[in-house]
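Can you read through this structure? Questions will come right after.
Residue numbering begins at 1 within each chain, and the chains themselves are lettered A, B, C, D and E in the order written.
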Amino acid sequence: MIANSHDLEHPMDKYLRTDRLPHVWCPGCGIGTVLSCYLHAVDNLGLDKDKLVMVSGIGCTGRAAGYVDMDSFHTTHGRAIPFAIGLKAMKPELNVTVFSGDGDLFAIGGNHIIHAARRNADINVICINNYNYGMTGGQLAPTTPETAYTTTSPYGNIEPPFNLVGLMAVSGAVYVARWTSIHVRRLTKSIEEALEKRGFCFIEVLAPCPTAFGRRNEMRDPVESLKYFKEQAIVKNFVNPLEATIEPNKKFYVGKFVDLEEEMTFEDRLWLMTSEEFLKAPSKKRKEMILGVRRHVKEHMEVLLHTPEPTEEGGKGEGV
Amino acid sequence: MVRDVLTGTHFMNGDVAAAEGAIAAGCKFYAGYPITPSSELAEHMAMRLPQAGGIFVQMEDEIASIVAMIGASWAGAKVMTATSGPGFSLMMENYGLAIMTETPCVIVNVQRGGPSTGIPTLVGQGDVMQARWGSHGPYEAIAVSPNSPQECFDLTIRAFNLAERFRTPVVVLMDESVGHMFEKVVIPDKRKIKIVNRKLADKKMKGHYLPYLADDDLIPPMAIAGEGFHVHITGLTHDERGYPDMSAEAQERLIRRLINKIKVYEDEIIDLEFDEYKDDADIYVISYGISSRCSRRAVKLARDEGIKASLVRLKTVWPFPEKYIRNLAKKAKAFVVAEINNGQILREVERCAGAKPVYFSGLMGGRVHYPEEILEKIEEAAGK
Amino acid sequence: MSSEAKIIKLLRDHSLALPRGRVYVIEDRCKGCGLCIEFCPKKVLHQSERFNAKGYHPPELIEEPPLKVCIACKFCEMICPDFAIFVEEVSAEEVGGMEEGAECTNGGG
Amino acid sequence: MRVGVFICHCGINIASVVDVERVAKEIEKHPDVVYVTTYKYMCSDPGQELIKREIKEHQLDAVVVAACSPHMHEKTFRDAAKEAALNPYRVEIANIREHVSWVHEDREKATKKAIKIVRSVVEKVIRDVPLEPISVDVTRRCLVIGGGIAGIQAALDVAEAGYEVILVEKGPSIGGHMAQLSETFPTLDCSQCILTPKMVAVSRHPRIKILTLSEVEEVTGYVGNFHVVIKRKPRFVDENLCTACGDCEKVCPVFVPNEFDMGLSLRRAIYIPFPQAVPSSYVIDINSCLGLEPLICGKCAEKCEANAINYDDKGGRIEVDVGAIIVATGYELYGKENFPEYGYGQYEDVVTGLEFERLLSATGPTGGELRRPSDWKVPKTVVFIQCVGSRDPDNHKPYCSKICCMYTAKHAMLYKHRVPDGKAYIFYIDIRAGGKDYEEFVHRAMEEERITYIRGRVSKVFREGDKLVVWGVDTLAGKKVEVHADMVVLATAIVPSEGTRDVAEKLKCATDENGFLKEAHPKLRPVESLNTGVYYCGVAQGPKDIPETVAQASAAAAKAIDILSQPKLYHEPTVAVVDGDKCTGCKTCVSICPFNAIRFNEELKRAEVNSALCEGCGSCAVACPSGAITATNIRDDQVIEMVKSVLQEA
Amino acid sequence: MVGDEWEPKIVAFLCNWCAYAGADLAGVSRLKYPPNIVPIRVPCSGRVDPRFILEAFKKGADGVLIGGCHTPNDCHYVVGNFKAYKRYILLKKLLEQLGINPKRLRLEWISASEGRKFAEVAREFTEEIRNLGPLRLWGE
């Protein structure tokens, strides 16, 4: 049963500016898939789209904000995060998602994202990592694997890439995950978790860029790229994110790396400061109020560095 | 809540006065990054804004500061940031974003000596052109320039009102000397402070609302995030729906309107201060900020010498009061421009002076004029 | 008996049926990337000969009941970067009917 | 040194071939031997008394008993010596029965060989040092491998005695093959009805922890202190959260043949093995699921209200210490592909006994109505063939599978109950009904139920129309038989399960030529392995029926309880010893020891042996380049003297 | 030696768990084999020091048999059989250099259930050594 009609309404159309479709992305580009996952997540959770905000930077991924039928901001290159911070700070009731690319978020915007994670700003960041700058024609990105060819590394990339999940984890994100654009259901689930979670949530999604990156690196065919992801990705939760590097033609981890308990978000603290109770409190009490339920940073690091293997109880000598 | 308007008479410096002005104007969000000589403003905001129910965020840099401020503005808040030359330079790209997206916001620039790191703790007025042309592309800018702590208070409120009225960023061009100068500041009763709020989208328009469809006044009503308008805002050239439109026609239509919405209201915006010699003068000294205070003394000294000088002070630097200067040029013998740079407003005056000579008293920064230095130029202009 | 034939026989013997889905393609949104075709677990999608407005070949459905049918997993719907394909679950009552009309309406476009 | 040598006649077992008196005379010449005697049965009470008496009388400080294998009576004689206040480790056995008298016929040569053996053992014993057993604590927990009726019974018995039990089952549910059976012989009571309460008892027992989908990966340690690594395969459903409501199953789009019903019905990719499964939880069959990585469908999780489905389940490794291990890994059916002549796999209506059980079972694909798989018609003629693969040393298995006579009689009988007008034929070689009420049961089948027993083999089964033609021979009548049947049931041989071999390897247990676990002694130690602390029960040890299995399980449990209840266990003191002065600290021994018993003391810069972990293999003594390690009571000088002495003329 | 009738002298190092038990089973099963083989019980084939074997040849053995558990997994001590095997291979080379026919040393994996195999090995090895003749170590 196949039907085709202009009257057909895709289930996600209710979240899309359908008058702008088809979108600008190339055939097989992973960004569309990830956007689809985001919208499915929104739909699954039944969120009020009036309260959803998408903020994007510049680049292929940055165009995503233009297609969603919600408040959406297509900002300057690298600056989606501070925009989101300002917006969220003033309207904490909004569910703000930054949807942007690896170059936007981690090269030009690198400073902002680490600070947003450090502050535990209650925003969700979906970073589509396609290993290069697609929109400008396939230049070197901070995520380009070593030795990969791009238009600005014609002899092979000499720079080691960022491990985005490791960087975000040590920066203080309370939720860090990585998926690829073939892991649509798990990615959707992960986005659902991030949308529901308070605090800084970061999801890296590896996606094929068949046009700009793939064709220079033997992954021209999006189908092949996704098969590559399927083959190389090891799905495992709570791997130490610092060890979850991505190297060419090697297996890499996908999954949830960090999922810390709820703590006070940046916005909680900002608004706490405006309360009369806080302002009038003696300094000792104020300290307590600021610390709230947020765990000590050191403890955070310990949780991070000693992520236990997912094993069962019943260890040595213990009762069963 | 602690009062947001500290009605009464105070002794405070310009930075603090500007902060109080912002709070009095209804500023509820400040994002900034410390930089001399604007830091006192940030410090004061950090203390006062929470008391006034607002949010103070110290961002990781000036870029983040201006962008966060733009974001907060889209959440419906009156917003401000403050910086000095180097930080102002960093803000320029997103100054453009604010103009393009028609985001009301206030940027305070407490000027210091430059270029580059320059002389952080000493005065300069070298950012005037940057406030006008700092971002790329064609656009109109609004900048006010106080010359006393009292004016820092007053003009900051005005800057907010202009920003909200015209949905555009407004620069408060202070300088180090004004910022660090302590003087009496009288804060009036709250009810006596005139406050302008941005024109908001009509909730009834939900579903049909076009974020960039301007009313007859050339200014589109603004929709706030989270109100159900589902606006799409982009720094790309866009049509009335906010959708990117990469055609020359769209660019012409949009940018023309962005310019016109200020041009048309120039008279309303421009604020010049004349002294008592205005009508009986042939040499007009044109100055702003701290230089205008030196110029006033120079004019006094010139008058003592019998020179018919008069001071024209630019309380709004941008838009430039082209029409007024051209009018003055009709009767003036000469102009003298005093500013702490190598001639920025000078060029604007020259442009409007017609055949009348323009004498320039410039300093590279680090100190303010001695009135005698300006007097020398007035004397030169008077042919003495 | 091959295991597939055995399953088909047992399905018939025990009157069981696979859950079914109805596939819709918004052909003009399709960019022909082939992800839906490649990753369909039941391999019921094929590239059609048709061109859409942009010159791409949208997918079409070729089912061979009772095993090779759309089972409404919706993976194509989720992975399609272009919001061009979606699936509606078919109710249990309808499944029987679909079984009968195995040739069902193919390619409405 | 005062050595006494006691030479046993073993009735005539030794004495008929070996001239024991001559051996005694020769041995007496040894300078350290002060007393030699021979006796008819040294292992008998008077024999032992003799040894005890002479130890005291002659103040012997070492004893050699020349008799049978040390595996038989080393302990007996050492215990006797101990009673006479002689250190048991100064008693050695010279094996002149298994290694001499039973394998040689030439009296002269056998006697000479016996002399050499006894003399060499004397050389050893005079160099033996007195030893005290090493005491070790006991971990009071038992591992039971296999969750069939054998494992269930053993687990319950051990747990009831007050010890913790870890029951490891490879499959998703305990119950084993017994859960698949319809009724049991000879009482014809319903298998599940008697099994289910036991399964529930196991699942509810506070001291039993069930680990399904788990396999033993590694076992180290020794009796009382085994360290076990168990690998848990992912279930993908949290058994504690799953309410077994079945909502997930309804939406699963994948059908595969149901192994519990022997492929006669279908199940989904998410399924519960059978309604009474323990744990009562669904499981995802990852091999038939549309895919988890990436997750293709995910419908089951969407439907699961209890949120029990976890696609991220990676299984895990569980490490436990246990004091005793019971192996109950069960059986499989001998491959059906081995019988093309009977058309198995070719004709759907040729089924195995286990498939027939499912067709009879109320929980089976037909709900207990007997119907044949091809067209689900009621078969009017059924032929049962016994000994399919069993008792056929030339082509298949040499052994008798033991249960087939009985279950075939049961099958035929149950068939007649379901289809009273049907005809049942049984081809048999002979009937083995050696159990309580078994013979009576078979009689009932023959006499009362009017089942036709035909003594003879079936040569071929082939199809003609919708009938299966069975060609056989009636050897009693001496003529060919042809039966046109609707269905043929093969009583295929039972073979040890795949897991049995695997577990045997991991536990270092021997298996026999057919792959069944080899017990320590076929008569006297039928549930023990040669590895102390490891016990066997069920069909893994050899074909047996349910009562026998249950009895053996209880026996194995009793043996395990015996270990677990000891206040201390004693470890052989024949371990490696490091001479610290000679040790050069090269660490060769550390890497060579398979038991991690050697540790390098960084402070003293020398190797140290943990005698509780040392098993006494002596590998380190061979490897030590500086000769610093000696193997207690099997030192180099001892072996070399033995070598010398066996090469001396007798 | 009785008269001219030379009989091979063979020392067998049998591991306690497999080969020795296999020899026991040969006895229990009354399987006959020549009496030339004299067993020495060792805990493990890995305990057999090459020195023991050299000593045996030195003291007049014509052949030496090592009996251990089957590889890879039968060894009671996990990997003792592998150790024996490695030493065996090396020792064979050494024997050759010493002028001893390496066939005089034999390593066999015999499990506790292989009584029959033990008897066969005993027969075969005795026969082989008999064919090789007495070991003349000192150039007799």
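By definition in this document, a contact is a pair of C-beta atoms (placed from the backbone, for glycine too) under 8 Å apart; a residue touches a chain by one contact, two chains touch by 3 or more.
These numbers come from a predicted model, not from an experiment.
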Those chains which touch chain D and also touch chain B: A
Distance in touch steps, counted as few as possible, from chain D out to chain E: 1
Chain of greatest Cα-centre distance to chain E: B
Central chain (by mean CA position): A
Selected interface, A-D versus A-C, where C-beta contact pairs are more numerous: A-C
Distance from the mean Cα position of chain E to that of chain C, given in whole angstrom: 70
Distance from chain E to chain B - Cα centre to Cα centre, in angstrom: 104
Chain A and chain D, separation of their C-alpha mean positions in angstrom: 54
Intercentroid distance (Cα basis), chain D paired with chain C, Å: 51
Residues of chain C whose C-beta touches two or more other chains: 39, 75
Multi-partner residues of chain E (each touching 2 or more other chains): none
Set of chain A residues in contact with two or more other chains: 182, 184-185
Pairwise chain contacts, counting only pairs that touch as defined: A-B, A-C, A-D, C-D, D-E
Chain A partner contacts - residues on chain C that touch it in the complex: 22-29, 31-35, 38-39, 54, 56, 58-61, 70, 75, 77-84, 86, 104-109
For the chain A and chain D complex, residues of the former touching the latter: 182-186, 230, 233, 235-237, 255, 309-312, 314-317, 319-320
Chain A residues within the chain C interface of the complex: 1-6, 8, 10-13, 16, 21-23, 25-33, 35-37, 40, 181-182, 184-185, 188, 222-223, 226-227
Residue ranges of chain D touching chain A (in the complex, touch as defined): 139, 141, 164, 166, 209, 227, 232, 292-296, 298, 311-312, 314, 316-321
Interfacial residue positions of chain D with respect to chain E in the complex: 69-71, 95, 97-100, 102-106, 109-110, 112-113, 116-117, 120, 505-506, 508, 510-513, 518, 530-531, 574, 592, 594-595, 615-619, 621-623, 631, 634, 636, 639-640, 642-644, 646-647, 649
